[in-house]
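Consider the two complexes below, in which chain A is the common component and chain B and chain C are the respective partners.
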Partner chain A sequence: MSGLATGSIYALMALSLVIIYNATRTLNFAQGEMLMISTFVGWTALQLLRAPLLVALLVAVVAAALLAWVLERTIIRHAISATHFDVLIITLGLSLMLRSAAGLLWTHDEFPFPSFFGSRPLGVGAVRVAPASLGIIGASLALMLALGALFRWTRLGRAMRAVAQNQRAARLMGISVEQVYSASWILAAAVGAVAGVLIAPVVFLSSQMGLVAINGFTAAVLGGFGSMPGAVVGGMVLGVLENLAPLYLPASIKHSVPFLVMITILIVRPGGLFGRVAPRKV
Partner chain B sequence: MRPALEIDDVAVYYDKRRALEGVTLTVERGEIVTLLGANGAGKSTTLRAVSGLVRAARGRIVYEGRDISHAPADAIVAAGVGHVPEGREIFGEFTVLENLLVGGHTVPRRQIGERLEEAFRLFPVLRERRLQAAGTLSGGEQQMLAIARALMPRPRLLLLDEPSLGLAPLLSREIFDVIRRINADGVSVLLVEQNARRALALATRGYVLETGRLVASGPSAGLAADPRVRRAYLGLDGARRGAAT
Partner chain C sequence: MRAAALGSGAVVVLGWPWAAPRYFVFLASLIAINAIVAIGLNLLTGYTNQLSFGHAGFLAIGAYAAALLTIQAPLVPLPATLLAAGLVTAAMGLALGVPCLRLEGLYLAMATLAFGFVVVEAILNLDWLTRGNDGLRVPAARIGPWALTTDTSRYYVVVTVAALLILAARNITRTRTGRALLAVRESEIAAQASGVHLAAYKTLAFVVSAFYTGVAGGLFALVVGFLSPDSFDVFLSVDFVAMIIVGGLGSILGSVMGAAVITTLNDSLAGFQSYRPLVFGAILIVSMLFMPGGIASALQKIQPRQGDRA
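Then we have the complex of A and B:
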């Protein structure tokens, strides 16, 4: 159960990476640090305003959206016409900058973060599960369904999918590709902020918590990069594997699991579970 | 009233390579004008410059009296210019219906239903196929979808790039009939077409491009009789049969 909970978080991280990748064909290596910053901002609202947790969540989401919007408009937008490597390096640099900024503002310590969900185990039949796990799974699923509906049934969602398929044709439909870039950064950051607030009670709030994005990346590769259902399934599978592996293998294997999974999938099925292998000329 | 489209001394470069050099042409309102030329002559580039996909390095592009040379592509669509690109470029992963809805991106929401009805009336086969993935349609159906998609915002100027390319003769005749009907509804048309004979039969006037420059222009009948055009694009005199494809 806790495997599925961690998996949900990986799935959300994978989704936010895929949202940006599909629109702009670049990876955002600062995704995890953006999650960390927005969670810190939400936490600050908790501390300073004694705000309820729900308000902190909203503050985190708004902060994430603002941060994404500013970064996209001021930095990424100017580099996007250059090679994709430039943007990769820029986001890598951003991730380091954001981490040091967080260190300056909030120190590099770990802080406890309140949870929406109680800590008394719930009995489901003979199984006892932590309410935190159930809550994380439930909230993540709700968010994923909302995202699914957005992409399927709204004009913005359709525009984002159109840009992912064929940017030039999308322009000819009157879609502003630049607005879609901004929207995808904002949406991805908002999803990340929710993931951050959900996971912070479990892993503690710290400037290092953005590293969870690496597992989100693995989850996205596992599911087939670019596929949203793939990102969700990849996240879940990864979370469960990571939790079960120490039962059968040396306990210290846990943190290596994502990389073992990534290497295995790239050898066995490079397109991922849901991906289509794009043949590339060499 | 200003013409639907005035292209004035436009030059386009891809990096250093010249794609268009000093092209000047006009499409009057309600007119069908065709643009002829061999592969790589700059026909598609001309259309892309109008719809804002490529930038003119020089010259002006004026749509209904408005200078759109520097307008972004989405604003040009919103202003009333539709562009059916070469190769159709439909969204293959979308259903037919989703393609049409994306085509209606700039259309106010309450008018979408009505526009869909218009599209299905023009191409009844699209109604039957509306929930089918567009990538699985036949070539002719994809072309119909590409045209229907571009018509969703009710453009007043339609740019058509090789609409009959790769279609069986019967289907391309159908597409040409549709173009005639669209034009009869008051839409001005700039048509790039490999089938020069059919294009000249449909258009009132034509222009001929060669390596980025205009080399001939005039009423269709005159162009069809011009020996150079006959030789190069109508495959007559046996000289360069099929050079226009």
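Then we have the complex of A and C:
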């Protein structure tokens, strides 16, 4: 069960990576750092204003959206027609800068973060479950459904899918590619901020928190990059595997699990559990 | 003009230990080692468009291979040790490169990133061999009767090897093989249609790149004299990527210049650890946005104007 809770964290992270990927076909290396910064902003609101946790969550989401908008407008927008390789390097640079900036602002220490959920385990039949696990699982499922609906049924969602499929054709259909880019960055950052506030009580708040993005990526790859249900299932599977592996293998293997899983899945089934490998067009 | 530039360059490189303080001789050795890695990485990334975030892992394998060989068999001459380090790493490159043929773009980047992490974890866990976190002290290497105990002697070894590898890389890139690699970068499908064996050349790039990095690892063990897993973390891989981005993708000279810039910068920012990533991130973004071809192509743009004047 705690594996599933960890898994939900990875799933949320994977979701925010997939949002940007689905609209822009690029990977945002700075996703984890954006999550970390927005959680820090929420935490600052908690400390300075003695605000309730719900307000802190809102502050974090707004801060994330703002940060994403600024970054997109000032940096990513200039590389809108650049290759994925270039954007990858740019977001890598962003992640370095954001982590370093957070360290300067809030130091590199770890801080405790209050949780929405009590710490007393609930009894479900014979199984005892931590409320935090249930909360994280529930919240990520709800977010996933909401995002799925957005992509499927709204105008914005359709525009995002169109831009992902063919930027030029989408532009000819009157879709503003720039706006779609902004929207997907903001949306992804907001999801990331929710994830950050949910997981900060579990992993502690620190400038290194963004590294969870790597596991999020593994989860997304495991489920088939670009597929939202895949991202959630991939996250869950990864979380459970990570918790079970030390039982059967040397205990020190736990930290390598995401990487071993990633290499294995990429070699055996690059399309992931749910994805298909898109045929290449000339 | 060209010969004069080469000649004066050679004089500076050879005379460096006699003009510069001891620490700067060590720093110059590091630059040469990083230049070898950058060339290796550029052959892979700049020439076949396969991005790798795992070269710190290859460097670690080469370094530990050379160190363990020096400890177990002190009589093996240094060139053989370096060759062995390169070959062991090249074998790892083959083992990683073949399955990675199926991947491209960010998938390959993430797979190699994962490889880098796994190598560090492996070094930590194989502590009976690598002494894990305690680190491994490397005894002074010997060439025949001479033990390489001074920074100057090690510097000359490193510079010689680097010069050989730079020459080799220039020759690779100018031949049929180099053109095939460039064709792969421009368009895999077009290259294949023109009769370039895609899998063979992409694997070749991986193996050669790993070989270069492995030899550099051997030199790293020689120059630094002490190995521990935390000197091969993922940020080192990022540094290598930064070197070829700043220097210029697909350029040998650019790799060397990028290595010089990043290594010097790394060293001068040593006192400001918390600002280092900030500066590096900014450099990556700025060079990607405003100088996509790196220093090498910026120089090329300036050169014709000089020619006009002359």
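Worth pointing out:
To be clear about the criterion, the second predicted complex is superposed on the first by the 278 of 282 C-alpha atoms of A that agree within 3 Å, B and C clash if a C-alpha of one lies under 4 Å from a C-alpha of the other, contacts with A are read in each partner's own complex, and residues count from 1 in each chain.
We take it that a residue touches a chain if its C-beta (ideal position, glycine included) is under 8 Å from a C-beta of that chain, and two chains touch if they have at least 3 such contacts.
Please read these numbers as outputs of a predicted model, since none were measured by experiment.
In the superposition on chain A, A:Arg171 makes contact with chain B only, not with chain C. In the superposition on chain A, A:Arg161 makes contact with chain B only, while chain C stays out of contact range. When chain A is checked against chain B and against chain C, the one touching more of its residues turns out to be C. When the shared chain is aligned, chain C comes close enough to touch A:Ala101, but chain B does not.
Touching chain A in their complex are the following residues of chain B: 51-53, 72-74, 77-78, 83, 85, 89-94, 98, 101-103, 105-106, 109, 149-150, 153.
Of all the residues in chain A, the ones that touch chain C in their complex are 26-27, 75, 78-79, 82, 84-86, 88-90, 92-101, 103-104, 108, 214, 217-218, 221, 225, 250, 252-253, 255-256, 258-260, 262-263, 266-267, 270, 280, 282.
Here chain A touches chain B in the complex through residues 155, 158-159, 161-162, 165-166, 168-176, going by the rule given at the top. Of all residues in chain C, only 49, 51, 99-100, 102-103, 105-107, 109-111, 113-115, 117-118, 121, 124-125, 189, 238, 241, 245, 274-278, 280-285, 288-289, 292 touch chain A in the complex they form.
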